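The two complexes that follow have chain A in common; it is paired with chain B in the first and with chain C in the second.
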Partner chain A sequence: MNSAVDVAEKWDIDAIRAQFPTLNREVHGQPLIYLDTAASAQRPLAVIDAITDFYRNHNANVHRGVHSLSQEATELWENARTTMRDFIGASSCKEIIFTRGMTEGVNLVAQSFIRPRVGPGDKILITAMEHHSNIVPWQLVCEQTGAELVVAPVNQRGEVDLDGFSQMLDERVKILAMMHVSNALGTINPVAEMTRMAKAAGIPVLIDGAQASPHIQVDVQAIGCDFYCVSGHKMYGPTGIGVLYGREQLLEAMPPYHGGGEMIRTVSFEKSTWNDLPSKFEAGTPNIAGGIGLGAAATFIQQIGVENISRHEADLLSYGTQRSLEIDGLNIIGTAADKTGVMSFTIERVHPHDIGTIINHAGVAIRTGHHCAMPILKQFGVAGTARASLGMYNTRQELDVLVEAIVKACKMLR
Partner chain B sequence: MSIDSAQQDIVDTFEFFDDWMDRYQYLIDLGKQLPELAPEDMLADNLVSGCQSQVWLLASGDKSKLCFRANSDAAIVSGLIALLLQIYSNRSATEILDSKPWFVDKIGLSEHLSPTRANGLASMLTTIKQHAVLASQ
Partner chain C sequence: MHLDDLYKQAVLAHNREPQNYYPMENASHVALGNNALCGDEIRIFLDIDSNNLINRASFQGEACAIATAAASIMTDWLAGQQTDDAQAAALAFEQMLRGGEVNTALLGENALLEAVKHFPDRVPSAQLCWSAMCAAIDGVAEISTEKPA
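Our next item is the complex of A and B:
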């Protein structure tokens, strides 16, 4: 088998596809065409093998034992942390907290960082395009503290209105929480610029990077944000694992989020004391195999080269967008100048659910519905869309099949 | 005609079709023939929860004879509604509650029936049975 490095040098799409076993299967007798990577990416052999190797050869609890297996497990787990530190450009492993996913990262920051810092009259600023997981944790804090959730406007192309945004940056805003890339629209937000604007007003910044890390370069120090969250399964890694990056100084000052084993230094019935970073935020036995699998996913992306992936997906997006506009009555939702490989669309007189159901029988997997971003779809005047989302393994030929399948479905439905 | 024979009729019809596209086309066409609901029927109270598309379902009558009217904004789901109305509308509550929806397996729709499926056939069946329970109290 070609190594991932060889593959990247030539951009050998067949060799890349060969790394993903699921892509060999058929659905309803047709070759699977997987266009739902924004919901969850497929897993390469490197990830599957890393998980299997852990369970077959090294399985033990981490940070606990003097015995060899426990030490091996700890080394694999901590190596994964180092890999993730480098992957997102953090400066220290103390800043890399393993979580269950991006959602837990946001909840952790909402409860441990923001909740003690806000009260009535304070504001939490998000954008109108956020995923529910970057809305609801803040609503909970608002209910708990009397703070107010305020929303920066998004224009009809699906881009943050930077003028409107800048006018909302005042001293009562205690955090800006925004997505790097929109799952529903594909928009790449100018997070470095928005972070600069927020920091100039003294506002801490959290970024939901779930849809960015598999597709574009992430460098938390270049962005200048205080917190950055990713999910393993969006970036070709396992489910139930993710990473929260936090600036060390802020994490040090924050109280623990969950209590339990591993996060303590001493425990007595009178008072317990907390462990150092990052353990302070990792209560209980973690998802060890998941973390190791996530490290393998990040290494895989680095070997292929995230800039190669971006270039391939940009070519597909441009081709797919152009081809999909041949479909009568198709309307693309989200036409930002800077986009990742997300084609969200509605078709006149055809319900997205019908499209998704019928093209599934042609082997084509897309997502239909509100994509956990009901507010932004409401702004566009739709309850749901059909969404084809791209990964490194997709091809122009697959997009041809998508378009043909949609045309056929529309004929049946109209 | 009993609920079982109505189900058998549907199974017989579906046996004519060779492939999935024809079955879907039949469902879509059935859905298009469903009488439209009046705007005053399409209220949040009449929405069946658990469907990705919007499904409104209304019951009238009493336990001796329950009538259902329903529609959806999605075509395939409207076709599924048409099948359910053929089977369950104008039946007694007892007859509805005693019946099993075995037609689903026989026409190859079982992949749609799991409670996690987004089209909500299972939710619609539950709602119909709930109306029958209410009517018999």
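Our next item is the complex of A and C:
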């Protein structure tokens, strides 16, 4: 690659875009304008090459063999773990569990950490803006244990109401589970402050970082949380891979989530004993190429510099927001003071689904619908929105095309 | 496939000014169709007499242009149909959207939506009112259509 460090210093957008092969595509005869990074980011060559290199040159199982390929595979896999440790600011590789994605991380904590600790009268606290993946796993635990799911309020800008939130922190709350950044609204929650408040009340904290790690600096120790989940495909890495960070002391005390190979030390029909962290939570052969690809994605982000990415996306967000407000009848859903590059909107007398279909024919990819966050959209009185979400590779010109395409769609439909 | 085939002028006109868009008082049959994926909802009202003749049909709801136009066209067409012809047309409409061979004469103006078959993600939108209509005839109060046909 064109040295990523050079790219970052000058913020050479052409050089960044050149790292993403899909961006060369056309859709319906028009250059692709990809504004759906919040659903899944495009992958840079660094990730594609890391996966290909693994399969072409080092492919073998990990932690199993004395032979060279297995040792190489193990080294690549464990290097990826170290990269992820540094990427999110954890202190030990024992605290980095590879998962299938953010969703599996939450389910693991819900079942292994919370389920044994709660019963009737206990509460699980989330916020009103959560993604379904940070709602449903807790509802399952509530059904299993009789605990109650309680929801911190969100104001009309799409920010957690901190007064309302603080009043909900009592001794019956056994965990706070909240998102760092909202996929539907773009809101960046003050997770460090909220974690401090929860910890002061003795409440453990899990954070859904799926939409944070690709866009803003994440430092789990600075935040002070107990668990933090990231998702590979949101951060320019592969699908089917993610990381759960957990504080070592808590992970040590938790029972395994899945049983199988790799997570055991000894197995007999009478009783098996568990492997050390992090293997205890990684049953079976993992997504080795995915983990290696995720490590490559984290390295790529670090080389570009997450603060450079944040700055670029913030510029695009303010430009895009300002331009989109030129559209007659457009209403932005989610106007938090602190936001990542998510523009979720509705337009009077024009349905999001039609906009999505029509602008796709201009090469513009956006998402329409409820974005797996039905409760918060319901609070805003809408069943769905159109959402343009930004990544490091987007440009102001692309947002101009977006706005023009929407204006055309409105003309056609009204 | 061109966008203009999906959003034909006639279809757009039905979306702009939907026909039979009102809640029918004393409807004999009512059902709600919803598409949980995009949040669309259409309620179908039918006035069916003792000879299984549909005298009037109307609808209401929040839905995309394709779903709204489909419901407008369908409710226009339904008035004066026997319930079994309406059910047969629902099958033919579904066949049409799956790309099957159908006698579009059976469908009248509803065949305007044929191009939806080239936009698989929009098939449930066009199908929504038909599912709700069949549910109403069958006495089912609510039906969900998020799976592509």
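Observations on the model:
Convention: the second predicted complex is superposed on the first by the 413 of 414 C-alpha atoms of A that agree within 3 Å, B and C clash if a C-alpha of one lies under 4 Å from a C-alpha of the other, contacts with A are read in each partner's own complex, and residues count from 1 in each chain.
As a convention for this text, a contact is a pair of C-beta atoms (placed from the backbone, for glycine too) under 8 Å apart; a residue touches a chain by one contact, two chains touch by 3 or more.
It should be emphasised that the depicted structure is a prediction, and the values quoted were computed from it without experimental measurement.
Partners chain B and chain C clash in the overlay (superposition on chain A).
Counting the residues of chain A that each partner touches, chain B and chain C differ, and the larger count belongs to C.
Contacts of A:L413 after superposition on the shared chain: both chain B and chain C are touched.
When both complexes are overlaid on chain A, the residue A:H361 reaches chain B and chain C alike. In the superposition on chain A, the residues of chain A touched by chain B in one structure and by chain C in the other are 351, 353-354, 357-358, 361, 368-369, 383-384, 412-413.
On the chain A side of its complex with chain C, the touching residues are 351-354, 357-358, 361, 368-370, 374, 377, 382-384, 412-414. Partner chain B is touched in their complex by these residues of chain A: 28, 350-351, 353-354, 357-358, 361, 368-369, 383-384, 412-413. For chain B in complex with chain A, the touching residues are 20-21, 24-25, 28, 52-54, 73-77, 118-119.
Contact residues of chain C toward chain A in the complex are 3, 6-7, 12, 15-16, 37-41, 62-66, 119, 121-122, 125.
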